[in-house]
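These notes concern the structure reproduced below.
Letters A, B, C, D, E and F mark the chains as written, and numbering starts fresh at 1 in each.
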């Protein structure tokens, strides 16, 4: 039976660290489903449809990969797709306890779904989507932290104009 | 002189981990005051009045327990009630530094008020109100993490309908 | 060549811990530029202009110090001022990884800009602007954690009236 | 090509947490090699040969598993066995940085060898071989933390007699 | 029924932080048993008998306190003394996970024995017996970190003469 | 007055991470004293004299640097050399609390001596002398983590032969 793994995340935007994790997971699992979470409670940076589009272009040519999005419980989504594995990237200590909590909760709901943690390349240990968004907003060199198609996309996006502080 | 302890928190909603801490504290202190903080700056999940009602039903029959709410400084509230002890549950490393900061600040304001940390049962180490809220919102099995009266209450609450992502 | 150091922060409000770091940095560097970040995405407690005013009064008589504000990338601001050093105060583990991330990112953009971490006095290890804001809001004794001019300023500010909880 | 994974460790002694990780890894990889490290610098609790024997009995009937030991560099050992994956259990924050360091170093030496982190069952989050050794030494109930064959073995081992403290 | 609490530790030597925890626990519990662990596996700095003697002098006049030592399992010792509570001081994050592990293990063995964590005064957050031993060995000002009787005792102890490094 | 900084450490052996910190400190301070601690309680890997020799060769041509060793209290040594600053490298969270403790203790003894933390290059975040020793012992590629003269020296050192495990 082929091993199907889900790599869930907000990917807002996708960074080189995400791409690194996807590539590592291809060596371990037969199929990898990159699944964008539709988190309705936050103001997204990029709409979900654009994130899916960017992910699809980046993973073009990776035949084991499929890009999609989901709402609701990850565990239910995994069951529908007959995935046995959830992939998560582990970077810093501050991620670690949250990840442990999520993995234990998911296991509590579905003991058959195994969470597997991979480590990105050392160069990406401190890279996050939040850092990319902040660099982009401040006019910094975000390009070196994201794939070329993401860099292109972000370069064309209008930056919010900083207002005068009325204080 | 009887020892009076305050167990402050947002209890939004109360979880099995909170109940576990309340039961442990009953063995240590003569009176335990469960005190809901009225935090005006956040959007609550349950209104304070409902949280008090749920806590009252859960602690029904625990004669040492009294449920109430407070605004303003915890230290002032403790002084009015002649409480000598503040109870806090300790779970993860990420809680720890925040709890240390709060305890040191409270001690700075009133050196007589002692903060005592208890540890919930191992099963509840990674349980939080936030996790319950997220499971409830996503249609997950929140019931196993909360007392029965809370589960009943949450089952009857209308869930926010997830809109279509316009992106 | 004189060593010019930037001490960036939101200083909202400035605490005794910030003042402690400024005084320590004066022994190490020829010039210290205290630079208020204009973060447009957050609701500030004090407007940037008031923070600059308060910092100016507190550092009055410290001839090596200059107070200013900046928008955009810290690295670009440092280059314009010909600063070689960024000063950051290190308190708790929870700060630590974020600070490491910022320092590595800044170094990535400008390898010549060195981040130097100083440790505030042990008394201020758990002090933060957020703690001061919370004490102020709740009517607590915020005065002992801030310089006298800040205490004066905060005492004169109207406190937000707590509404009745409709729950 | 079948995926071969190595699960290295001192297993001194093997605990229920180790067995849990082995069982989880069987669902993910075609072959799992449990490899006892021969660490010459420490005083072992059990000799390596006994650890191998105990592991062999515990994994009897698990056809995908092979038990062995190795000296020298893990990366070289993995190459000889044509293993593509190293399995590590992740429990507490205190493990985490050490594990990150080891995984990054191994990757530095052999970029093809991927380290995969699994999480033991929540019941075993705080279980370690050191805890079992201490309980055994102090006459405590170590049996509930180890497989039955390990419990049998430890029950038959002579305990070091505590001498009189000459102070 | 009076609440009996055990404060176990190596107290090698006792520091001002230990005394602070003892004093705090007196306000919470009817009787406090300070119990020196006889750890045979380590080279002690002071013999157990001297540690008991010093603790007895320091707690002279504290009528609720009794000083003793124990071997074997803390849980068994607590049961013999009919103690319901174990007291532990919590200082740094690095202590925290170890303390959680010990408390969960003790609870696993005896669910009736509750571990209660107290926080020493902020001045003692980074103070440990190891620090005192190192300062003493290096000829540093250890006196400000220990009670006067301990300082006296350590001043009279012969310091190990540092040999010439043959390298 | 020139700023004199001490960079104390065991440097056993010196790694590329240490060299990186030395180079960064040269941009900040007028004189940098690299000071090998003579720790009598541990079995050193390299004798102190060899560590001094290697450090001297590595820092040859860095005119601001002086290499030496010291015994006793760092604070006393700093005073004798009229140094105002102690330099420490900060890598991981696990270092952090220990470093904070040492810095606060040193400041307690001599409030004039300031500890300054620098961050090594991201490539060296997880590099330590212990890692180099382990790689060397196991026959791994230690050379990429140390300066060329250290690699030469270690290559010529006889490796301890691994004995047969008698178990």
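Simple rule for what comes next: a contact is a pair of C-beta atoms (placed from the backbone, for glycine too) under 8 Å apart; a residue touches a chain by one contact, two chains touch by 3 or more.
Keep in mind that what you see is a predicted model, and the values were worked out from it rather than measured.
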Note to self: By mean C-alpha position, what chain is farthest away from chain F?
What the structure shows: B
Checklist line | C-F or A-C, whichever has more C-beta pairs in contact | finding: C-F
Next item on the list: Check E-F, B-E or C-F against D-F and flag the pair whose interface repeats it, over half of the contact pairs matching by residue number.
Entry: E-F
Next item on the list: Please work out the Cα centroid separation of chain A and chain B, and write it as a whole number of Å.
Entry: 33
Margin query: Measuring centre to centre with CA averages, how many angstrom lie between chain C and chain E?
Written below: 39
Margin query: If a residue has to touch 2 or more other chains to count, which residues of chain A qualify?
Written below: 93-94, 97, 100, 104, 108, 122, 125-126
Check: Considering every pair of chains, which are in touch?
Finding: A-B, A-C, A-D, A-F, B-C, B-D, B-E, C-E, C-F, D-E, D-F, E-F
Check: Residues of chain D touching chain A in their complex?
Finding: 3, 24, 27-28, 84-85, 90, 93, 96-97, 100, 103-104, 107-108, 114-119, 121-122, 125
Checklist line | Of all residues in chain C, those that touch chain B in their complex | finding: 92-94, 126, 128, 131, 135, 138-141, 144, 160, 162-163, 165-167
Notebook entry, point to check: Which positions of chain F touch chain E when the two form their complex?
Noted result: 38, 40, 44, 46-50, 71-73, 75-76, 93-94, 97-98, 100-101, 104-105, 108-109
Item checked: Residues on chain E engaged by chain C in the complex (per definition of touch) -> 93, 122-123, 125-126
